[in-house]
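In the part that follows, the structures are each spelled out as structure tokens.
Look for chain A in each of the two complexes below; its partner is chain B in the first and chain C in the second.
Take a look at the complex of A and B:
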């Protein structure tokens, strides 16, 4: 270690010789480049959504802008219905997924023995199974259960998607919490359930918040399951949006307007939850 | 103890395990339209898929190539961004908000948008290329350029996730080794190479495993950008299974392909699990 340190101390800094201050400029340029890289497609989407239908093919030429696309999209009943449905489904899926996996993760973290081991192997394996292997037969299963194209028919598969991964992540949250507090609570007369609910869960709140935000965003943005498991009765926003450039011809301006509308709630959730997400994402 | 996992088990069994078994059952039958009885045909569908030159020569290499390139690309970019965000500089939170943008955008929207940007006639990328004096490229009609566009979309979507998780990892590292390195006047590169990187390795390994498994089953962005084309040149295995099921209307063959893919990835995941266990004790 000392040899390394001495060697590096002797080598002169490249930048201080050739371009004083160059390092800072380079850093600033890199920061700007990062912003541009991530913002450009979103910026382009917003720009397309503001162009009239006639000017949309040459977004980069011409300067007429209009909000007619938003008017047109929001006057369509299916879009409003889809907005509402997506909101309900995302919220319920978040509540249910977290509720179900909280206990499952706690069990994985606090109990030892063959049953937790088997459950862990099961969720690890089923987490890896590709979606195509189950979303197609799921169509038949939901039809058999008479819940195809209803809230439950999309909600429960979404919860199923999250069970494996979230149980794993939750286990991590509870692993990071010292169990001795729960033991103390139990000695003082708390039941195991009380120890879980009153001691362990409150300590896991930062992680739970992050996971709730990510879960909500994931469900809000999900496409494949919504495409296969819903139809006219329960329109979902991502599917309706994609239809603007698939089934109903190439209406880029309307698709973009819907996409921008879909972005707003996600934007609000992310900006408000930013600090929780960043804190909670420790693996 | 069992009551704690009962709801999770119930939902998992009904909505994941039962469908998977239904699909697996279909894969052993003749599901073509002229056979309403769905005769049991044993392994015939599997043999057909495994002998398909398309599957072996294009789909599997594509899938693994995509997985490796996507994970490597977003890991490297994500690490660089995490290192950048780990410093204090004016405007840091603004840059961080920009980095979060792809997390909010639905993958389908991103895919549609990037397909639009790379459109050979109206796309902004070709307009920019022409502007600087290059010939426009018809991105989506050639295999490798189409593959590149898909990869770009995937890296764009997933780099923020890597960046955020690695940033959280960086921020939880102890300060003492860095102070010691500073006292020894170690250069930035050496500090990174011999202190940051080794201490960050467990987090990186977890990220790589999670992302590699997800990248293997990528469907929506490929489907939206190229539909597996041109001439099935960018098909990944989930596209292959979907095309067999819904375009060639052979659900059995599609299911067989899906099961083969599932077996490959589960075996792969179990191997990764051993790697994972060496770095972080996941199961304990």
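Take a look at the complex of A and C:
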């Protein structure tokens, strides 16, 4: 009897488990409604990007569609440069952040004493500072260091923010890995560093992959730092997008086309990475 | 192969001394078991030998070389951990080869060594699997293989059987004993299970609160426990203890318990003489008490009532009430029906009595 009950429970689908009986239909409708709520702006964005400049205020009534908007934005050098810069900044920020966060999270997880405690406190204090409060000091610091409107000027603040946020998550990943493995590696001929690189890090790969994806998406979509810390030399896609609203008017059709272009890499990363994110964050 | 010598080794965590003045001489090829309750310092001692914990004071020598300042990798030891500590991202083959690769052994030799160890432990079909695809027993074998393959000077075992179920634990115990006959490396085995200690060890070190209570062969510990703690810890079911007032009468000692008393000849227990008028702790193993009446002058008769019976199938263990005390009797005929409250007579040979100073040392006689 129990075996039958278990088998039938396993065979039940997602909806019937969450909302058994007659509530299934209602639950399914609610789920579809939520999905539509999130999908609708994206759909509207895509629709706007395909309308001519004169038709963007009548998207729902228009019948004329065009891909000229895409041609136009892709023919602008600043958009192409911004695409390239955003990709490079996102990738470098991810690599640098993970490099530091791995060691930082490992230290917080494995070592006790004044240095890890001080580091933990420092991270905590930085996390307590509102995000927007960092912007003005960072502007002056980057000006002073002559890195304003350069890769480094944007990379370093991003990496700093990521370290503060992701060190905690990384600590959680390493907490879930049995330290005996590292001890075994140390007895098997590794130094402490060797045990970290050859045993602890490979064991944390699911978590690292999840963080890499989140880190890349976060930097790709980031607007505030990019707006304040960059200018014409290092255009960033999110800022370039916003610049279609200017004193001469609002070019919604071009902004939408750029946004759709920006959406593609993010969508690829999300589709590729979602299973890793789910697996990694479950560790 | 090597001897391991610990001299006045201490480990302090702040103000707390986890291991106090530990000195131990482990001979080449010897299998020594460190046993004791949780927090007694046995695992800390093992980790100090491995180099995973720093030593506060004292020296540790392996194979005649003081290793206090050597990294774990330079001590030429191998260790099996409680939770196996297999490298989850590697296959069983790579787990076994890891230590040899770190030592830059040629791949051809590594292959041969891995094959030899795998054959010895019957894990050849598992070589391409990942650790998480193995059962607990198989993982334990791989962990053993990882040690054997390196042919180190010393094997260290940190409660390697405690994660296994009772049946598998008994099986692995046997396999470890068989393995010892083939690989006679100096071994130090930590456990809290006295059965493992008794069955595996050439010598046993009993520890409590960071202090060595007794070092000896399993039979030494069972027959002549040095302290009341060792007497209670070694042996199953554990020893009965009765706190009794000691008096002398002519050529006999009289021991007064709460609600019962018995006599023993003083010639045989001369060492008790200095404790007359005081309280001594009398210890007797449940296996050394039987139901019946004394057959000769060397036996002591005790009368009591059955409090509880534990049926084990091949024997019963009785808890018999003697005045305010309780005495456990092992090896009772399982077919005997003895409801609670039944009056029984028990007998114990005087030679099987142990005497301790209260909670402390054995009164030797």
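Note that the second predicted complex is superposed on the first by the 256 of 283 C-alpha atoms of A that agree within 3 Å, B and C clash if a C-alpha of one lies under 4 Å from a C-alpha of the other, contacts with A are read in each partner's own complex, and residues count from 1 in each chain.
Following the convention adopted for this analysis, a contact is a pair of C-beta atoms (placed from the backbone, for glycine too) under 8 Å apart; a residue touches a chain by one contact, two chains touch by 3 or more.
Since the model is a prediction, treat every value here as computed from it, not as a measurement.
Student: After the alignment on chain A, I want to confirm one thing: do chain B and chain C clash, or do they fit together?
Tutor: fit
Student: On the A-aligned overlay, A:29 touches which partner chain: chain B = first, chain C = second, or both, or neither?
Tutor: In the superposed model, A:29 contacts neither chain B nor chain C.
Student: Is the number of chain A residues in contact higher for chain B or for chain C?
Tutor: Partner with more touched residues of chain A: B.
Student: I'd like to know which partner A:178 touches here: chain B for first, chain C for second, both or neither.
Tutor: After superposing on A, A:178 lies in contact with chain C but is clear of chain B.
Student: Does the superposition put A:187 against chain B (first), chain C (second), both, or neither?
Tutor: So A:187 only meets chain C here.
Student: Applying the document's definition of touch, where does A:242 land relative to chain B and chain C: first, second, both, or neither?
Tutor: A:242 sits against chain B, while chain C stays out of touch.
Student: In the superposed arrangement, which partner chain does A:132 touch: chain B (first), chain C (second), both, or neither?
Tutor: A:132 sits against chain B, while chain C stays out of touch.
Student: Looking at the overlay, what does A:41 touch: chain B (first), chain C (second), both, or neither?
Tutor: Touch status of A:41: first partner only.
Student: Rounded to the nearest angstrom, what is the minimum C-alpha distance from chain B to chain C in the superposition?
Tutor: 16
Student: If you look only at chain A, which of its residues touch chain B in the complex?
Tutor: That would be residues 1-2, 4-5, 8-9, 11, 13, 27, 30-31, 34-35, 37-39, 41-42, 44-45, 48, 57-60, 99-101, 103-104, 106-107, 111, 115-117, 119-120, 122-138, 140-141, 156-157, 159-161, 163-164, 167-168, 217, 220-224, 238, 241-242, 245, 252, 255-256, 259, 262-263, 266-267, 269-271, 274, 277-283 of chain A.
Student: Sort out for me which residues of chain A touch chain C in the complex.
Tutor: It comes out as residues 178, 180-181, 183-191, 194, 199, 202-203, 205.
Student: Taking the complex as given, what residues does chain B use to touch chain A?
Tutor: Contact set of chain B toward chain A: 1-5, 7-9, 11-12, 14-20, 22-23, 26, 81, 84, 89, 91, 94-110, 112-114, 116-117, 121-122, 124, 127, 156, 160, 164-165, 167-169, 172, 181, 184-187, 190, 194, 203, 206-207, 213, 216-217, 219-220, 224, 237-238, 241-242, 245, 251, 254-255, 258-259, 261-262, 265-266, 268-270, 273, 282-283.
Student: Would you mind writing out the residues of chain C in touch with chain A in their complex?
Tutor: 50-52, 71-73, 75, 77-79, 81-89, 98-99, 102-103, 146, 150
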